[in-house]
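Presented sequentially are two complexes of chain A, the first with chain B as partner and the second with chain C.
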Partner chain A sequence: MYRILVYIGVALLLLGAFAFGVSLWEGPTAWHTDVRTFWGIPISLFVLWIGLAHAGTLISAIFLALGYPLGRRTSMVAELSTLCSLAVAALFPLVHLGIIENFYMVVPFLDARGNFSNLRSPLVWDFCCISVYGLVSLLFFATHLFSEKFPDLKKLIRPMAWLLFPLVLWVHTIVSLDFAVTFVPQWRGAFFPLYFIAGAIYSGLALVIILLTAEHCRVRVLEKLMLGLSWFMAFFWLWEFLLKGSFSFEVVFLGAVVPQLMWLRVIRENAFGRLLVAFSVLVSLGLERYILVTPSEYNAAEYFSWTDLGLVSFSLGLFTTLFFVFRAKFSSLLEGEDVVMGEIVLQQDESDKESEKVTLPEKNDFSILRLPLLIGVLVTLLYVVWAVSVENTNLAPLSVVNVAPLCLPLLVLVACFTLCARPLWGISGKRVKLVCAVLAGILGCLAGAFWAGGSSDVSSGVVSVQEVDSPKTVEFIWSSRCASCHGQDGKFNEKFVREFYPLPQKLTPVRLDTLGEDSLVKVILDGRVNMNPYRGRVSEDEARGLVRYMRHLAGEGE
Partner chain B sequence: MDAILNALCCLMALGTSMFLWHRPVSIFKETGILALSLVVFGLFSYLTVDLSEPSLEYMPFRMLALCICFSTTSLTSHKTRYLVLSQVLWLWVEFFGGLTFVYHGLDMPWTRIVAIGAGAFGGAFLSHISREMEFLLMVYWIAVWMFF
Partner chain C sequence: MQVLWGCRRLPDLSGAKVPEIAEFEREVRLALSRAKGAFDLVQVPMPGALDVHGASSLNRFGMAIDLDACDGCGKCILACMQENNIPLSSKGERDAGRFMHWIEMHGGAPAMCFHCGNAPCEKVCPTGAASHTPDGLSTMMYKRCTGSRFCGANCPVGARKFNYVDSVKEGLARKFNPEVPLRSKGVMEKCSLCLQRLQDHKHTQMATRPGVEWRGSGLKTACSEACPKNAIIFGNWLDQDSPLVQEAKHRNLYVPREIANLDPSVVYMRGRR
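Moving on, here comes the complex of A and B:
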């Protein structure tokens, strides 16, 4: 069975591999985009797979933390699906970026490279949060997996579940902020965090049901939850319609109507019936993500190129291959030939009963977590104090709101590693200890580099200040320094408005007159709120020339 | 939003919370009631408030969070745990909703957030929740909703 699924996965992977290669080679021109659609299929797939990645661990951790553990097989399948989905999701921002070799610039190492990552951008939060989530999920999975061999690890699972429970919700909330903080009308929504979390759990439940069906296993409680969530998703879609007038019949039909077939005994008692419903949910959520990410007035899906379809095929193939290869091969290697991962197979009806009856002792959870949490809180406080007080960021000062999104991931990361360090050290062999020591050293160096940051003085080799000797020179400076945000014609760069944050000011004659020349020169040189300071890169004469050029552009626009 | 609408919101949240967690507790019943409550809150918001006002676009979800907070007072076991978790949910809705407003040039509702956070933090230390304490908690939540 697993072999067939691996073959299917490899076939899909190979079908999509060429599209993946072309996308890497050509960059964003390879897939469908237009004036209004800057984030095409790669970001849609990223949002879909990251949702699926959050759901697996979330399902396992929530049930465990609240004292209703799922069967081992169900939990392990959910957690493994998380890791595989995460691996798939991580590829698509790279594809979208177009310049893979510069991806490391998202890492907020201050401006040591002379290029500071904007800590106020959700895209940077995304990178940090998802990285932490990946690490902690891997640790959780490994602890869970090896807990059968090393009983000492069992006592760590539930405290780790308590750490993962808020983390996973937090991380998906941050993903939703990629959209919610922009000015795109279709992405307006203070409710997006809940909307995204509900969507992630919904699609994740569908995925876990599909994977469990492949295992000839069934957990009714997950099916009931999926049906219950379909009602919530129906409300979210209704609310989107009431709020913005956006509605997609396909999404609602596949995601809210088809799941109601589970009320029919003939469907829910049949493996193919369950698969039909679960696939319908996944297709609906996939479509919904695509429609959300590509807010066009026309149906963007009609303009799908072969590359778009190839990337979808690639993501499905990669996930299927990764999941079933690991499931079929490595699990038996890890736990002995006669035992497959999740050997405590809960039969269909028993699993429900067991999940309802079994509750774990919880008195020790807090005492185990106390010290790691305390250390995590201290480190997080240090980070907040440092981030808010740091001055050489080459940007406007950060506020608590800007640094808060990274607080919980940092707390959980520190707490989780503190929690696991001692037990894992105790059971590790010499080689593993050596690898861990080297990794810890590298991590320490990275933390040191992060702490040290770098000079915010711009290298004279990179930037040369020019004298303003003609209008052509000012126009050149405007094009190189200002147009990326304010637009070549001073009326915004549409791409900036859609992809970055926040909205720059409109340069109308009235506004320019109100502010006055001196004031505007000061803004250019010293920055203001969301405007970066350009002192050292632009001389005062040039700034004055730019203000006059702005006035010229504003006059043209009138 | 004026005081009457705020009071109506609290009343509706209180009303719908009465249907939750009655024994026997079942996934279908509870999710069904929660989803139905959400529909009621959504229609109420759509009909009564101006949804072009950004700060009201997550109104039904705030009402749902308040409803869940109210409902935890009727739990018979693990009351403290779920009381804290429900307030954390409310805090979550308010904080991240507020964060999106900051990026749109509006103010973060810090007073409300601190008040809910204080409630959640304080609630964690309640070892026994008497009837009087339940009443006080509900009054506190209504006050947070109405005045902050």
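Moving on, here comes the complex of A and C:
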């Protein structure tokens, strides 16, 4: 069964791989865009898959936190689907970028030259929230997966669920802000966060229902929830229609009318009936995201190019392959243990029985969480204070409001890792510890490289400016090229230079004489730390002249 | 490593096909024939000092476009292309309705970036590539741009242009002006208010008349220089002697409704008062 599904996944993946390759190679022209649409299919797929990625954690974490635990297999399937959807979702913003290798510029981390990403932008919030969500979900899944083997981990699951609960809602709120904070008339609406969260849970439930059908199992509470959410979505679509007059028949029919078939026993009791409804919900939500991202007028003939469809197929194939490969891998890994996810039994609602005993959050959960939460809050506070006080070279100073969207993800990240660090360190073997240490080292190196920024080598293609006929005195070059930083009098333009760290040293006569003329000429031509290279813009003779002029200025100051 | 850390090389023009000037003229005529709809204009007061961090109290550069004088000849578009090395658009781009022109005709009047003081594009740029200068220019740092196109989606008047194709490789770019770099594929660009002219003017003054405050007097952008009817007036909104203020204070000023409360630096003039 799983093998067939993996084959289907690989087939879809290969069908779409060409479109994916073309998108990477050609960039944003590969898919359908027009005058008003800058974004296109990758962002729609991103929003769709990030929505699908929410149901897993919702189902296992929120249900667990609220004392409504589902069967272990249901939760594990849901969590695995979260991770796989996240992996798919994370690809598309990268595909979307015009210059993919520059994606790191979005990380809100200062580098040595004072470059800092713009924390006002929802894209930066998005990047941070989703990376944190991915990391925490992975940790949650791993803890859950190994909790059978190591009972120590069992007591971590509920506290982690409490941490994930707000994060899930937060992340999708941030995704909705990508649209809601803009000036595009079609994307306006203060209800967008709720609308997006409802849509995400709705589509995610449909996905989990499909995956559970593949397990030959059904969980009624999820079906009821999905039916309830179909009314929510119908309400939001009506609201949108009243507000903006936009309405799509396909979306409403597939997303709000077809799910009502679940009221019929024939459909509900039949696996194919459930699949039909769930797929219809997914198609509807996918289409809805596409229409949302494309603010131009609806024009069905031009709506999809073959690359668009190829990318859809690629995402489906990638998810199916990833999910079922891991599904098969983990069931064989844990075979012989307690029944985990492996068995294939036609069963009715193991969850409904379990859910009858509603438990209140235990006091224990909070006492475990106290210290990690405290550390999380402290780290978050430190980050906020730091980010607000960063002297940025080209952007206005941030206010606390700009950093606020990052607070919860940062808090949850720190708290989760603090929570899990001790128990995980206790159970992990020597090899895992070594790998962790190496990973930490690599991470440190990367952070250092990030901080240092790119090389200041002159790129080979610099076009030299034509010589102007008028005689250029050294003073003229100094005033036009150097004075903006070094000051007209050679004593630094304080206002500008204080942005650099470490502060450049004063060019006193002693220092200039120690460095020597030749090496200073080299610095002017090739650059050094904060000094930009001027090769191609000043000749070597001019550089030598500048060094002497500098010496003259420094001597004057004495 | 160089590619990984974003030090992209400047395009190498040697060997690439370079288009004739006639092709640029042809494309401008094509763009004129496909002019976009007119803006819904609303009246605004004269732009004052900027309300952004670190704004200069001396300079706020801007332009006024005289709708009574403009006859929509399109010479400004061509001049802008030659000043700023704007590439031609490929066939696919034209079919999608896109031109790289920084100036476009909206209902017979030229429109470029309005350099809003409270610019929506700058707020959503994730990397800070779109930022404001103290002199009131909404600028682009091409090397810092990742091409997320968020700014383009958030510009209410659609003034931002994205480099969908590698114009150098496709033989669509021509380096008319050595002072302006050619933009690589995948970055956003838009009207810079002829930043390079401002820079040159400032540096020349700093070198020749050090100590004198720079107000940019006597400077003109490429479009205002090229306009046969003198319908585009460039100047400094904060300098009472600037031709811009001298002219605008006797006229009614208008801007598109979508950006009326974003404090634009470029306005339309119509009628006398």
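Please note the rule applied: the second predicted complex is superposed on the first by the 407 of 558 C-alpha atoms of A that agree within 3 Å, B and C clash if a C-alpha of one lies under 4 Å from a C-alpha of the other, contacts with A are read in each partner's own complex, and residues count from 1 in each chain.
What we mean here is this: a contact is a pair of C-beta atoms (placed from the backbone, for glycine too) under 8 Å apart; a residue touches a chain by one contact, two chains touch by 3 or more.
This structure is a prediction, so every number in the text was calculated from the model and none was measured.
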Which of chain B and chain C A:F324 touches, first, second, both or neither: neither
Touched chain A residues, chain B compared with chain C: C
First, second, both or neither for A:G189, with chain B first and chain C second: first
Partner chain in contact with A:Y290 - chain B first, chain C second, else both or neither: neither
Touched partner set for A:Y534, first chain B, second chain C, both or neither: neither
First (chain B), second (chain C), both or neither touched by A:L97: second
Touching partner for A:V181 - first (chain B), second (chain C), both, neither: both
First, second, both or neither for A:W239, with chain B first and chain C second: first
Chain B versus chain C as contact partner of A:F127, first or second or both or neither: second
First, second, both or neither for A:L225, with chain B first and chain C second: first
Set of chain A residues, in rising order, touched by both chain B and chain C: 181-183
In the complex with chain A, residue positions of chain B that touch it: 27-28, 31-32, 34-35, 38-39, 42, 46, 51, 54-55, 57-58, 60-61, 88, 92-93, 95-105, 108
Touching residues on chain C, where the partner in the complex is chain A: 1-12, 52-54, 92-93, 96-98, 120, 122-128, 131, 141, 144-150, 152-156, 158, 162-165, 175, 178-179, 184-188, 203-204, 206-207, 210, 258
Complex interface listing, chain A residues touching chain B: 166, 169, 173, 176-177, 180-183, 188-194, 221, 224-225, 227-229, 231-232, 234-235, 238-239, 242-243, 401, 404-405, 501-502
Interface residues, chain A side, partner chain C - complex: 27-29, 33-36, 38-39, 96-99, 101-106, 115-118, 120-124, 127, 178, 181-184, 295, 392, 394-397, 449, 453-455, 457, 459-463, 465-466, 475-476, 479-480, 483, 488
